[in-house]
Amino acid sequence: MINAPKPSGSIPDRSIYERRESVVRSYARAMPRQFGKAEGVWMHDDQGGRYLDFLSGCSTLNYGHNHPILKQALLDYIAADGIAHGLDLHTDAKAAFLDTFEDVILKPRALDYRVMFTGPTGTNAVEAAIKLARKVTGRELVIAFTNGFHGMTLGALACTGNAAKRGGAGVPLAHVAHEPYDGYFGPEVDTAELLDQRLADPSSGLDAPAAILVETVQGEGGLNAASPEWLRKIADIAKRHGALLIVDDIQAGCGRTGSFFSFEEMGFTPDIVTLAKSLSGMGLPFALTLFRPELDQWSPGEHNGTFRGNNHAFVTATAALGHFWSSDAFADDVRRRGALLEERLARIAAEHGFETRGRGMMRGINVGSGERAGAITAACFDAGLIIETSGAHDEIVKVLAPLVIDDALLSAGLDILETKIRDAMADDYAVAAE
Amino acid sequence: MINAPKPSGSIPDRSIYERRESVVRSYARAMPRQFGKAEGVWMHDDQGGRYLDFLSGCSTLNYGHNHPILKQALLDYIAADGIAHGLDLHTDAKAAFLDTFEDVILKPRALDYRVMFTGPTGTNAVEAAIKLARKVTGRELVIAFTNGFHGMTLGALACTGNAAKRGGAGVPLAHVAHEPYDGYFGPEVDTAELLDQRLADPSSGLDAPAAILVETVQGEGGLNAASPEWLRKIADIAKRHGALLIVDDIQAGCGRTGSFFSFEEMGFTPDIVTLAKSLSGMGLPFALTLFRPELDQWSPGEHNGTFRGNNHAFVTATAALGHFWSSDAFADDVRRRGALLEERLARIAAEHGFETRGRGMMRGINVGSGERAGAITAACFDAGLIIETSGAHDEIVKVLAPLVIDDALLSAGLDILETKIRDAMADDYAVAAE
Amino acid sequence: MINAPKPSGSIPDRSIYERRESVVRSYARAMPRQFGKAEGVWMHDDQGGRYLDFLSGCSTLNYGHNHPILKQALLDYIAADGIAHGLDLHTDAKAAFLDTFEDVILKPRALDYRVMFTGPTGTNAVEAAIKLARKVTGRELVIAFTNGFHGMTLGALACTGNAAKRGGAGVPLAHVAHEPYDGYFGPEVDTAELLDQRLADPSSGLDAPAAILVETVQGEGGLNAASPEWLRKIADIAKRHGALLIVDDIQAGCGRTGSFFSFEEMGFTPDIVTLAKSLSGMGLPFALTLFRPELDQWSPGEHNGTFRGNNHAFVTATAALGHFWSSDAFADDVRRRGALLEERLARIAAEHGFETRGRGMMRGINVGSGERAGAITAACFDAGLIIETSGAHDEIVKVLAPLVIDDALLSAGLDILETKIRDAMADDYAVAAE
Amino acid sequence: MINAPKPSGSIPDRSIYERRESVVRSYARAMPRQFGKAEGVWMHDDQGGRYLDFLSGCSTLNYGHNHPILKQALLDYIAADGIAHGLDLHTDAKAAFLDTFEDVILKPRALDYRVMFTGPTGTNAVEAAIKLARKVTGRELVIAFTNGFHGMTLGALACTGNAAKRGGAGVPLAHVAHEPYDGYFGPEVDTAELLDQRLADPSSGLDAPAAILVETVQGEGGLNAASPEWLRKIADIAKRHGALLIVDDIQAGCGRTGSFFSFEEMGFTPDIVTLAKSLSGMGLPFALTLFRPELDQWSPGEHNGTFRGNNHAFVTATAALGHFWSSDAFADDVRRRGALLEERLARIAAEHGFETRGRGMMRGINVGSGERAGAITAACFDAGLIIETSGAHDEIVKVLAPLVIDDALLSAGLDILETKIRDAMADDYAVAAE
């Protein structure tokens, strides 16, 4: 079924990358093939190889590659000379998106958010969110969390925990405190209480925050899933201390956890939410910052950006919302499939004494070291499965399959993963036995 | 020929914007129509109105809307299930883009740059550029210029001069000094020399800079065009003081000034160049940071972003480079048309004692006040001409027509502008005479 | 014995303070008398009032006021036209100080420190310490602790926990993280381990620190005394993570805890130590930064200050070191008296269910609220006892008697305190009973 | 008359400095003697050498060393057990100082300032000044000037221009812009106008400032004296742009320029003034921040410091104010002597084509290079004259003789300087002729 590349085949010249592309590239190193087409759960390389995609563009392709309904909507729009680039002008495509977002997403969830079209990348949405929080509260400090990942531009990077990414800034990253995430000090320590104590103490040195910025599941940080109890406490802490609660739902949102927003039915409502990645549904750049209407205190153009009117993305996003979110069927199916994934990963992990992580269709196994995780994902790739690692030490093998994957293919991919983990452990035992 | 909207027509409900879109929107305020289709130099609203576009998405649509060659290339690519979103994986579309960029742009200009695919917005490219400069030099200060505009994320915003934008940050914008641009203190004062003196003085308080970040023409800052002499001096100053020269060519690049890069044939080569806006050719989000190979000192993934592999944009960019830049014909035509524009604007300006600004097809008239400029552009819009203002006080009416516009339409648009300026001045005289 | 001011006496005109002194004054508010002379443990006001001093200039007068030996040394020096102000020139007084400091303090303790004469205030010494740590390590972050107090200039203020003091900065206080001090989260949580975990985690968002800055007893922060075990762990953490350990011994040093340095015999040696307050012995401005010789990487004059050669202070400091520290007798006596104090405070506290805090002759009682503490110290003042509060909420009544106080006077002062606490509690019961 | 040290004499052991004093020491390098006593204009080393002091502790000893009236006042005070250290309590010595400062300084000049007793070093006074300006205006940026020197703690250091000092910070120095001082770009360029233009331009990137911080004569920066016209413009610019004008009068104040404040009779009144150095009159640490009563918006204790009540300094300051400033005689004499100095330096300078700098008794000669200036001052020192350099390249030989010097001794010192400059130039000619 899966058809990995033939290494013996004639490999075309790739020297253009060596010659011209910055060495900053990363995924291309672990997956040294050239890809051309993709549909649904499959990616194809230029050597006839076919790969099952358990990475999904880091959760940007929740509905798979080139979903036919989204694709057709975009083809029709382009063919009819629909506006591609509209700055922040009113356009038919934007109106349709807003209408659909209101009807399909906001109203059924009783959420009253204003929608801000930021520059179409997640980091732009995060920058807009923290700017707004600082503007509205008149405070400067943002509280982010250990292992959090929020983007690479200077404001968002300051909120990101990863030292290697932070080191790239070249200037100190200020105005952010990184507090321990749920479970960071083990199950015995309630890190929300630690935070509350420091914020309540006028001599703790922790300044009054403009915002608390949190992911409900830390995608890049190791698939750590916060409990609803902890998140409710954080929401309450934000409120009591005059800070805004920002949920960065860029990776966990758009259905990945089994509901459109990752925080649904948890008993709190964020003041601000960021969305990007799977928002357009087809992988096109699109990002939003949502906030309570009372917070909409921007001056016109105070935060802008050339590509904030990416109408192609509005078109596919509208189609995706309409197709997948008009009823509960899709979300129900994702939750059901998430349970399958949980059960299967738990079994694989138990065999080796590993732990699982995550929530919904956003799960992984801590295989103990980044070296081992890298060996496993490399072996999977050779077997035709695209899968990546995550976590502070890249020690988590993460499964981010398209949400639309059918059960048989999910199972087939997990079979490969199971085998490659087993092989890696056998190798380890063999080495240890020598 | 031009067919402005019929205000008497039935106007559809726009309450969705009031209800759901953040008040941060700006262009939609001065152009309160809903647009649907667009082709070439024309935009169409949903009331049957047709507008000549002298804004071009702030220079993002240099080849006009939905150029047929670009459009067809994209339709074909999508129809064939070409990969839309590829993180930073090697893809056919990326290889084709790099090959074409090397052949058509770099080689003929004897430029040896590495290409970094940043998040697909201009501000992301600027953030990557200043990060790299800080990393490579081990210094923190970036020197930017008065009236410079470089983006809205925290690192780029610190480089931006506009106080209203800066005020949105909510935190102090540090590690950047804003020095006077060419001509800032009038023609008598050589601001490059002022800068040189302070950098050479160990007691000036101006720290040793990592980079000097400059636009050759300040698009948002009022169409101020630096002279080649001044730019060469700045390049020399950067070199002598151990700083990298970054040319932000996001608005002035991609042909707007009459050559692909705005700094061609000026006698210096920037260390780093940022590109975005018209790079994809069709208005799709795409941005690049270019730099000398010796500066390519990134660690893998040290600066990343979800949408850095926007393959749709690679496809249209490749088509645009091939179509417009394989020979000199297009650039020659832009230069010729730029001269027409210059001559015509000079005549309009002279009639009222105004000054013109700019270079190539990036020009404007300083009409003396933002209020007057706003009245003129509003009157133009009512007459079917989309045109905007620029400058510290929005006092410059700027002409950013598509580069592909034919001479007759350029002339027709300028006729409207001429009339509306004349009307505005007549009104002023009338008011003054009362 | 104690002779508080007669409120009925004719009070001289104090309007000069209202008219000319900034409202920033603080102690004068709670002790609204004008003082003239002072000797030993006594202060005298201009109305004939005599006060027992349990504040000792916040531990600046460990040897009491105008100690006769110090006073005579200074009188002799001045009378002989000894140099008062010597920039950083070599002077007889400086040489004598350095010789004595080496012989009496460093050698017996096997400490090999270089001595830096900073500007003569504690905050200057702290600024020098953190500058040096940043310079030597090439890192920017300083780790300080909750409730820490290190000074009011911008670098030291960033290390200070108190929100009211921090708010005075008017700019964000950056490059410092405030971590929980020993016992901050109760006896069950080892805050050193929490810190270690975050520093060891490359994704925690806590940057690699230049220094860990700690007080062994937090004088202003509430007389919290860290355990030797915790301090050893902190020293070890600093070493393992490449940070320098700075002990701010400004308030706890110079004998206050029963040894010259507060960290003696704890099993670790700080990389850098700051001293001030009681260093001159007579209350004259004097501060030092001490560090391991390998860290002495300053360029000449890289950190300077007009008053770094306050030779009067050198003279009295030399006299104080010679008189009090040439043998163990003084320290032994302070330790013995500290035990008396501990025992007595414990008894007072137990009567009301209060807790005691501190170490050596630096102790206090947590009376539960700042309001009550203020009422108690005010009543003490009316009874002729100068005593102040401390802590995040000013809820600690602190005893900082001169170290030279005789046991009878210490007891007499504590009698007043005991009575006033009892009165305050009786008032509370009365109020509660109403 | 002058009696330089006998180099052949037996030199005592100075190894204590090598062994124990930080290498940060600087003056001791160029003047490698050990000093013991000093009176009036004379300093004595421990080898019988006698030196005429043209440095005056960098203007800290305007009334000479150990002035008999000040000395006696201090001896009497100490002998009578006057309080040495008083935190910020009311004391007899403080009341006397405030009364005298009001009567002798403020009232005759019609200045209505509140007096803030900061920590007793200049840098503490500057920190308090900029904190207050930021607090009162709610703005963060301070505008300082090229070659300005304001102190070494982090807030004041950010306002200092010297790169070597700045480099010691180890963190970026933010929230300050360094603008060109009067004459910085030559006599043709009015730097006040350049500043005004940028502050008036909403797109210049120069944020609205909290304060403009200026020295009327830059002591460390090269004895640059601003013209009254320029200072009035700066005062006007501050007012028009909502910033507070802070005059840092730490070096130029206390009579150095011929009046108590250096800005007297210039036609403007600063909002805030800092004083230190010669304030105590005898070289004891003392610093003040003065401000208009409306600006006295501190909370009690919001800015504090252990040694803000250095009563010894209050005593000598009161004596100095009474003795030197109760009539105009002293100031008249300083002005007269300043004119002598000016005339004499001009003559010396003219002989070699050099330029003079400065104002009042704060003057120097630019001898063209730091190397030459160092050779000259070294030769002077060998001849018994203590004199130092200043300026960005240490190229200014500066004369900071005590203000009380008699004309004959001033002349004798200048004779040495004249000779040594002539010698140095002769050496240069000889070298050039070889």
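When the chains are written out, they are named A, B, C and D in that same order, and each has its own residue count from 1.
As a working rule, a contact is a pair of C-beta atoms (placed from the backbone, for glycine too) under 8 Å apart; a residue touches a chain by one contact, two chains touch by 3 or more.
Only a predicted model underlies this, so the values are computations on that prediction, with no experimental measurement involved.
Participant: Which chains lie in contact with each of subunit A and subunit D?
Facilitator: Touching subunit A and subunit D alike, sorted by label: B, C.
Participant: Measuring centre to centre, with centres taken as mean CA positions, what chain is farthest from subunit C?
Facilitator: Checked the centroid distances; the maximum from subunit C is B.
Participant: Quick one: subunit B and subunit C, Cα centre-to-centre, how many Å?
Facilitator: 59
Participant: With chain centres taken as the means of their Cα atoms, state the distance from subunit A to subunit B in Å.
Facilitator: Once rounded, the distance between the two centres reads 31 Å.
Participant: What's the distance between the Cα centroids of subunit A and subunit C, rounded to whole Å?
Facilitator: The computed centroid separation for subunit A versus subunit C comes out at 50 Å.
Participant: At which residue positions does subunit C touch at least two other chains?
Facilitator: Correct list: 140, 164, 171-172, 174-175.
Participant: Please output the residues of subunit B touching subunit D within their complex, sorted ascending.
Facilitator: Its residues touching subunit D are 140-141, 144-148, 160-164, 166, 172-178, 180, 184-185, 189, 194, 197-198, 201-208, 221-222, 391-393.
Participant: Which bits of subunit A are touching subunit D when the two form their complex?
Facilitator: 171-172
Participant: Touching subunit B in the complex: which residues of subunit A?
Facilitator: 14, 16-17, 19-29, 31-39, 43, 46, 55, 57-58, 60-61, 65-66, 71, 74-75, 78-92, 95, 98-99, 101-102, 106, 113-117, 119-124, 127-128, 130-131, 133-135, 140, 151-156, 158, 164-165, 167-171, 174-175, 210, 250, 276-277, 282-285, 289, 291, 296, 298-307, 310, 312
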